[in-house]
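Consider the two complexes below, in which subunit A is the common component and subunit B and subunit C are the respective partners.
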Partner chain A sequence: MTHLVSLQAELERSRRRRQWVQLLMLALVLVTVLGSIQVIIIEDTDWDRVGSFGQIMESVGRFMALDLSLIPHLGIPMLETFLMACLGTLLGLFFSLPVAWFGALNVTPSKRILYPFGRFLMTLSRSIHEMVWALIFVAAVGLGALPGILAIAMRSVGFISKITAEAIENIDPKPVEAIRAVGGNNFQVMYYGILPQIKTVVLGTIIFEWDINIRRSAIMGLVGAGGLGLTFFRQMAMYNYGGVTVVILAILSLILLGEILSHYTRKAIV
Partner chain B sequence: MNAYNSIQSKAPAREWSRYRFPRDLFRFTALLACLLGLMFAIDFLGIDLARLLTLFGRVGEVLSERYFPPDVDYVMQGDYLASVVETVQMAYLGALIGMLIAAPLAWFASWNVTLSRRVLYPLARLFIMASRSVHEMIWTILFVTVLGFGMLPGVCALVMFCIGFAGKLFAEEIEVIDMGPVEAMRSAGANPLQTFCYAVWPQIQTAWTGIAIYTWDVAFRAATVVGFFGAGGMGWYLKRNVQQLETERVAAILLSIVVLVVISELISAWARHRLNRKRDANRIAIEAEAA
Partner chain C sequence: MSILQVQNLKARYAQTGDDILKGISFNVAEGDFYAIIGPSGAGKSTLIRCINRLVEPSEGSVSLFGQELTRLSARELRKTRRHIGMIFQEFNLVNRMSVMDNVLSGRLGYVGTTRSLFKLFPRSDIQRALELLDRVSLIDHVDKRADQLSGGQRQRVGIARALMQDPQLLLLDEPTASLDPKISRDVMQLIRDTARDLGIPVLCNIHDVALAKEFCNRILGLQSGRMMFDGKTADLADSDLERIYELEVL
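Then we have the complex of A and B:
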C-alpha cells in the first residue's frame, strides 16, 4: 500500500516537472517570437513606404487589372519552361545514378571513401537553393536555357539519388546473390538483380521531382535562363502589373497541367 | 521415349521470340517518341551539345580562377553576421506564422474531417495549391513591390511558402487518421472544434511536429535567398556582390550559406530522429495497452 502511494507521489512529481518544462519552453518560444517581431517587423520596416491599408489595397489593385494582350506571347515561354523542366529532370536522373551507386551502403565500391562522398553530394545538392545553382551556372556557361537546365538538374540530384540509394539498400539480396552465383559480372548484377527491384520507386520519384521542377524552371528566367521567368521579369521591369498577374496565371496553369499529367502517369506505372 | 519424340516432332513447332507483337510495338514507339521529344527539346531551347561536353572543365576553370580563394574575412564581418541572425529570425517567424495559418487550412482541406465539403474544402485546397505553385522567389518579388524593401516582405513570402508546404503535408496527415474516435466524438454530440481537439489532434500531434521541424528547415533554406530580390537577410549581400562582380566574396557567401543550411539540416534531422523514436515508443506503448 505504501509502495503504491509513493509510486503515485512519484508520478505526480514527474508530471509536475514535465509541466514546468513545457511552460518554460513555451515562454522561450514566446520571447524569441516577440523579439523577432520587434526586430524584423517593427524596427526594420519602413512603415511610411508601406502606407495605410488603403494604399496597400491600391497597389494590390494594380495587379488585378489583367493585361490580356500578353496571352498570345506566352505560348513559347511556356513551352520553354516545360521543356527546361523535362530536360533538367532527365539530366538530374543521369547525374544521380553514380551518386546513388556511391551512396548506397550495400553496393558502394568503397565504404571508406566513396560512400561518405556520395552522401555529401546528396546533402550539398539539396542544401543549395536553385537560384544559387543558377547563378553559378550562368557565370560558368553564359545566358540561355542551358544554365537553367543544369541548375534544375543539380538541385534534383539530391532527392532522386537519396530515394534511389535508400531503395537499393532495401532490396532483396537473393536475386543479386543468384546472379553472382551463376557468374554474372557487376553490370549484370545491377541490370538484372537490382534495377527490376527499384524501378517503380525510382520512376515514382522522378515523376514527383519533375512536378516540382516545373515550378523551379518557371523562375530560372529571373537570373538569365529563358522561359516564363524571363517574361515575368520583363513585365516587372516595365511596371506592367497586369501582365505580371497574367504570367503568374500562366505559371499556375502550367503547374496544374503538370500535376494532372503526373497523377495519371503515376497511376499508369504503379 | 521414341513415341514421345515422335509426338514432339509432329506438334506444330512454336516460334519463341524475345519480341511480342503488340506490346513491343507500343514500347518501341514510346521510346522513339521520347527520343524525338528529346531532340525537339534540345533543338527548341538552342542547346549546344558540344558545350555540354566541355562543361565540367569550364565550370572548374571558372570556379578555380575567379571564385577560388573565397574572401572569408568578408563573411566574418559584423554586418554580415547580423544579417545571418536576421535570416534565421525571418525563417523562424515566417515558418511560425505560416504554420499557424496552415493548420486550420489543413483541417478544412482534408476530406474526412472538413467542416463543409462543398465550400470550405475546395477553397482551402485551392488556396494551399496556389501558394504552393507560386515559387517563393515570385512571392518575394510581389511582396517587395507592394510593401517595399525590408524584411517584412521576406517574412510574408516565407509565410506564403510555408502555407503551401506545410498545409499540404498537414492535410495529408489528417486524411490518413483512424476515423473511429472522430465518429465516437460526433455521435456523443461534440461540435467540430471539440472533435478536432480531442479526436483528430492526438492522432496527428507527433506527425505535425515532425512536419513543423522540416518546414522550418526548408523555410531557412528559402530565407537565405529571398533577400536576392530586396527582402533582407543574407540574400541581399549575395545580390550586391554578384552585381559588383566581387566573385571571391560571392564564393564566401555561397560557402557560408551551404555551411548554415547543412547545420540546420543536421539539427532538424536529429530532432526528427528523436521524435520518431518517441513516436515508435508511443506506438509500442499503445499497442501493448491494446493487447
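Then we have the complex of A and C:
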C-alpha cells in the first residue's frame, strides 16, 4: 500500500516536471519570436515609406490591373522557357550517366579515384544555385537561352545522377552474373543486366526533374538567360505592374501544364 | 575423351584469405552428367564458378578442350564463356525483360555491342530461340515478362537461355533448390534429356543426394573445400555419404 502511494507521488512529481519543461520551452519560443519581430521588422523597416493602409491597397491594386496587351508577346518566351526546361533536362541526363556510373560503388571503374570524383560532382551540382550557374554561363557564353539550358543541365546532374547511382547500387546482382556468364562485355552487362532494373526509377526521376526545371527556366531570364524571366524583368523595369502580373500568370499556367504532363507521363510509365 | 580437366584447383576469400577450395582435381568426359554434392559451405558454388571464372581461382588449372582457362585475357575469357552455358539456383533472369529477350540474351557473347544496343539479333537467333522455347514448352509465353512466370517456368527460361549459347559444357548451380520436388524432377529430366540430345556434358551442383543419384552418372563429394569422393554413382556407398556429410550440423 505504501509502495503504491510512493509510486503515485513519484508519477505526480515527474508529471509536474514535464509541465515545467513544456512551459519553459513555450516561453523560450515566445521570447525568440518577439525578439525577432522587434529587431528585424519593427526596427529594420523604413516605416515612413510603407504608407497608410489605403496606399498599400493602392499599390496592390496596380498589380491587379492586368495589362492584357502583353499576351500576344508572351507566346515566344513561353515556348522558349518550355524548350529550355526540356533541353536542359535532356542535357542534364546526358551528363548524369557517366557521373552515376562513377558514383555507384558496385560498378565504378575505380573505387579510389572516380568514385569520390563522381560523388563530388553530384554535390557540386546541387550546392550551386541555378541562378549562380546561370550567371556563370551568361558570363561564359553570353545572353540568351543557351546559358539557361546549360545552367539547368548542370543543376539537374546532381539529383538525376544521385538517384541513378543509388538505383544501380540497389540492383539485384544475379542477372548481372548471368549476362557475364554468357560472355557479355561490360556494355552488355550494363544494358541487359542493370538498365532494365533501374529504368522506371530513372524515368520517374527525369520527369520529376523536368517538372522542377520548368520552374527554374521561368526565372532564368532575371540574369539574362532568356525565357519568361526576361519578359518579367522588362515589365518590372518599366514599372508596368499589370504586365508583371500577366507574366506571373503565364508562368503559373506553364507550370500547371508541366504538372499535368508529368502526371500523365508518370502514370503511363509506372 | 575428357572435355573438362580440373587440376589442383584452389580458391580463397579475398578478405580473410581462408581457403574455400583446397586442391580439387577431376575430369568431365563426353556424355557425363557430373554431380557435385556436399554440405552447405563446402565450396560447391565456388567450384562451379571457378570453371567460367565468375570467381577467380587462386591456383591450379582448368582446361576445356585442351584450352587453359585460368590464364585467358578478359577478351578471350568472354569468347570462351560463350561456349559454357550456366543455369542458376534463382534463375538469374532479368525480371523486367520479356521471356524472348531473356532467351536471346544468351547470344550476347556472339553479337556486337552496336547490335545488342538495338536488340538486333540475327533472324537465325530468333528462330533458334523460338525452337528452344518450344522445346521447354514455353512457346505460349514468349512475350510475357519473366516475372510473370512460375518458378518452374522461369527455370525453363534459364535452360533455354543457356542452350541458346550453343554450349559445349553446361554448368548447373543448384538448379532445383528454388523449386518443389515434383518440378525439380521435371527440370532435371529436361536438362538430362536435352543434354543427351545435344551431346553436352553437364557439371551440376546439387544438395539433393537422391536427385543426384537418380540423374547423374558421376559424383564428386565435397566437404569444406576437400574432395571426399570422386567416382561413378554406382560406386557411391552410404559410408561415403556419411563421410561427406559428417561435419554437417544443424
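Simple rule for what comes next: the second predicted complex is superposed on the first by the 231 of 270 C-alpha atoms of A that agree within 3 Å, B and C clash if a C-alpha of one lies under 4 Å from a C-alpha of the other, contacts with A are read in each partner's own complex, and residues count from 1 in each chain.
Here is the rule we use: contacts are C-beta pairs under 8 Å (C-beta built on N, C-alpha and C of every residue); 3 or more make two chains touch, one makes a residue touch a chain.
Model, not experiment: these values are computed from the prediction.
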| item | value |
| --- | --- |
| Subunit B versus subunit C as contact partner of A:60, first or second or both or neither | first |
| Partner chain in contact with A:216 - subunit B first, subunit C second, else both or neither | first |
| First, second, both or neither for A:203, with subunit B first and subunit C second | neither |
| First, second, both or neither for A:188, with subunit B first and subunit C second | second |
| Which of subunit B and subunit C A:179 touches, first, second, both or neither | second |
| Residue contacts on subunit A - larger count, subunit B or subunit C | B |
| Which superposed partner A:261 touches (first subunit B, second subunit C, both, neither) | neither |
| Residues of subunit A contacting subunit B in one complex and subunit C in the other | none |
| Subunit A - residues contacting subunit B, complex | 32-33, 35-37, 39-41, 44-46, 49-50, 56, 59-60, 63, 79-80, 83-84, 86-87, 90, 123-124, 126-129, 131-132, 135-137, 139-141, 144-146, 149-150, 215-216, 218-219, 222, 226, 232, 236, 241, 244, 248, 251-252, 255-256 |
| Subunit B to subunit A touching residues, read off their complex | 37-38, 41-42, 44-48, 51-52, 55, 58-59, 62-63, 66, 86, 89-90, 92-93, 96, 130, 133-135, 137-138, 141-142, 145-152, 155, 221-222, 224-225, 228-229, 232, 238, 242, 247, 250, 254, 257-258, 261-262, 265 |
| Subunit C to subunit A touching residues, read off their complex | 52, 54, 78-82, 84-86, 88, 90-97, 105-110, 113, 116-117, 158, 161, 165, 171 |
| Sites on subunit A touched by subunit C in the complex | 172, 174-175, 177-185, 187-188, 191-193, 196-197, 199 |
